[in-house]
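Presented below are the structures under discussion, each in the form of structure tokens.
The following pair of complexes shares a single chain, chain A, combined with chain B in the former and chain C in the latter.
Here is the complex of A and B:
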């Protein structure tokens, strides 16, 4: 068994499936533009200079998070409805490895949200696309996407056990936007929310992207993204193993 | 190759809307059987008899509540990953495929999951497509496939990694007669190629035509086991009389059942008509006593024939 090959083929196959989904393409094309438009008007009305790129990055990251969250939440449920969840579980590789490429592909498509937001901002609102550290920005982007994808993998593992756990994904969209500082700075939030922000990859992802674009320390957030990615991978390996065992005991892998 | 020892599986569900109470449903109640190398073993039973639950325990998708099962010497609970590497399984029905992918991409993905090496993948995929009769259609998306084509693709996926043991759960369900015949030939080819096959079905002729040995399962228990010929001989001695009637009520059927020598009576409803299938011991001629009991009921046709596996099955599962 070659883990890298499984990830590569699974990633390509899932991108191919997402590319044929009209619903997915429509929502992932339109949603970022709506987020971006709302964010630009909000920040414009604030009247502060130099914040348009700040807003554009936040809006883009909102799209990345939404795509990852709903992609991961829907993935297991969709596999269950389609009858392929049992095939994934019944395959020899560990379940986390089977579904890792799916969540990575979901997060990867979220990069489009970021790109679309920046292009939309440039064309419609005249946002200056000047990056202080362009190479670090190009490094921070995939690091953020991988970290979010792996967090999606942790979430996906719970959906194996609970048939309707993806309803949880609806509840997690806005709180994570706010706790990660995607809409506004976390400095305005109560102090007790800080530890929550610190364990969220979108928080460190947007920090890395904003610092790379507008100036600031990038390596610290990148290190945190790496750490959270490793932690997510370890947790998801454990939870997939545990939840797979419980799902086999409780018979929740199939619909019948 | 496959060994089930006192396998049991209970599902816990709930009943009631406001005050939910736990309810245990025993799907499989102490099933034991053994399948030898190169054998095609059939698990035959009505819907809800526990066939799929049994097969899912054997392929490691469900944990048994109690009992033990081994496939190729590996315990299905303790050594699930080893079992998964060495078996193939196929479920009947439309589900279980990536609809938006082509058949080729489906197979390529599963080839990767089952460790078919990169160099061999193309040749192996071509080989299984040829075997199941889908060669030339592999670039089409699965969502446009007919039920029969999907079933063929299921089988191709199940044998892609050349497993020693193949589990087939109602592989011909819902497939048209010509397609089903083709699938049965594919199954026979698998056995000819040396595979050990466990097949579940509720089609008697399919089990009769394909299986070396059969276990009949009803209400979660095995109620008969043997070769098709043994089952017929053991359960149905003598002859079977079929009487086509109009308007035989339950009391009349019970009167037929009470006749001396009658061992089982099954009633099939066909439109307005009923077919009474009467099994009797020995060579006793039952036409006259049956017609006497059916006095007042319109009899259309009476015929007598040799017992089939279906008669044996009906006798074993109690006319369900």
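Here is the complex of A and C:
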């Protein structure tokens, strides 16, 4: 019960904090809309038919990933700068539980991106919002967001020891967009990249959303999202414990 | 004149070293080299999937545009970080020529932008099979210098706003992404609605990218001279606008005593 309370309160507080950040406003709404527009015009100039909803979903999912990535990458660093990291680490609950609601809120904020690109696509480009499996779409959306949030938790745990977490966040934005095939099929990538795609929740997330919207098998990707979520939770619990111990033992938590 | 040049060159370099002393390879490589590299791959693959333009179109467009990583963010930080570090007051209290102080800061930023663009072009050659003729390289280099200068001019304008604005990085981030849309980086201007195309023509990069594409495809420099001169004009206009804005905001900040406040 206590754990649920921590998750609920942490989630709400972080959601409020993110709502006041211009950077997150940009990442979760404006940037995805710009990328969606670029993708729309690129598809238009290439004459690929029926790809506008495909592009809107992909650009929205790009926003979900960016928000998760920068939120999780920045979370430890911001807490470090604000001097609240020690308080979070010193609190009685496990560190993973303290930061789980933060990463979930980051990913949830990313849902604004999906809403923004779909509304933008509908209003400006007349993208038809006819989903083949609307109920499965509503199921795939939270499943994707939770899976990305938990992946963010794994990333955040590694950033406890890494001084240049923000730089790593900058680096990881495009590669995951590419390997997950968010706005293009992974078939255009070399075959050796496939295993990388398979371990990325955004890959299965966009498959689930795309199949729910445009038609196709949804349950398989949903099962993979669930599996990866459980794996991420297990890994992050271990890594948070390990990295917290290392940071305490070396007295490097503040990294100053 | 010697003093002016010293403030311009030496002052610019010292300011850059001071304001960016936190940059380490672990920070620089992922942000300034890794991110542009993956941006290039992303848009090239997206273009390939969309059956839109040729591979070279994306290699040239993105390799030139990534200079904005340095030109926009770097130039913005060159002014905004003085305020953040608390050194803006002493700097503006000094009798140094403002034009030399302000424009000198653009020089290292420009050099860094050139490095980022050159690296991305190199990645295009090695990874994506971009093959401009050897004879095109000098013209390509000249166009790149002018285009990066032009983008640095926009960075100066945004940086000057850093004298007063609370969150100037919002504007830099927004400008960076809007350039991907408006400047013909990944979309030919004739595909865009006319108003977007018009906005693009008033921005840095647009004419430089068009010239670089023609030169990479084998056109002589003389054939794209009009585009190159237009880009140089855009560079001068934005640098001038940046300086005027800097001076105006400096005076306004002194008058209202808000120079170092947030």
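As a working rule, the second predicted complex is superposed on the first by the 249 of 256 C-alpha atoms of A that agree within 3 Å, B and C clash if a C-alpha of one lies under 4 Å from a C-alpha of the other, contacts with A are read in each partner's own complex, and residues count from 1 in each chain.
Criterion: a residue touches a chain if its C-beta (ideal position, glycine included) is under 8 Å from a C-beta of that chain, and two chains touch if they have at least 3 such contacts.
Values in this document were obtained by computation on a predicted structure and should not be read as measured data.
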Clash or fit: chain B and chain C on chain A?
-> fit
A:184 contacts which: chain B (first), chain C (second), both, neither?
-> second
Where does A:173 make contact in the superposed view: on chain B (first), on chain C (second), on both, or on neither?
-> second
Of the two partner chains, chain B (first) and chain C (second), which one does A:46 touch, if any: first, second, both, or neither?
-> second
Once the shared chain is lined up, is A:13 touching chain B (first), chain C (second), both, or neither of them?
-> first
Once the shared chain is lined up, is A:194 touching chain B (first), chain C (second), both, or neither of them?
-> neither
Should A:82 be classified as contacting the first partner (chain B), the second (chain C), both, or neither?
-> first
Enter the shortest inter-chain Cα distance between chain B and chain C once the structures share a common frame, rounded to whole Å.
-> 11
Using the touch rule from the top, collect the residues of chain A that touch chain C in their complex.
-> 22-23, 26, 30-31, 34-35, 37-39, 41-48, 51, 163-164, 166-168, 170-171, 173-175, 177-178, 183-185, 188-189
Residue ranges of chain A in contact with chain B within the complex = 1-2, 5-6, 9-10, 13, 16-17, 20-21, 82-84, 86-93, 98, 245, 248-251, 253-254
Touching chain A in the complex, chain B uses residues 11-12, 59-63, 81, 84-85, 89, 91, 93, 95-101, 105, 108-110, 112-115, 118, 141, 157
Counting only contacts in the complex, chain C reaches chain A at residues 24, 26-31, 34-35, 38-39, 41-42, 45-53, 167, 169-170, 173-174, 177-178, 180-181, 186-188, 191-192
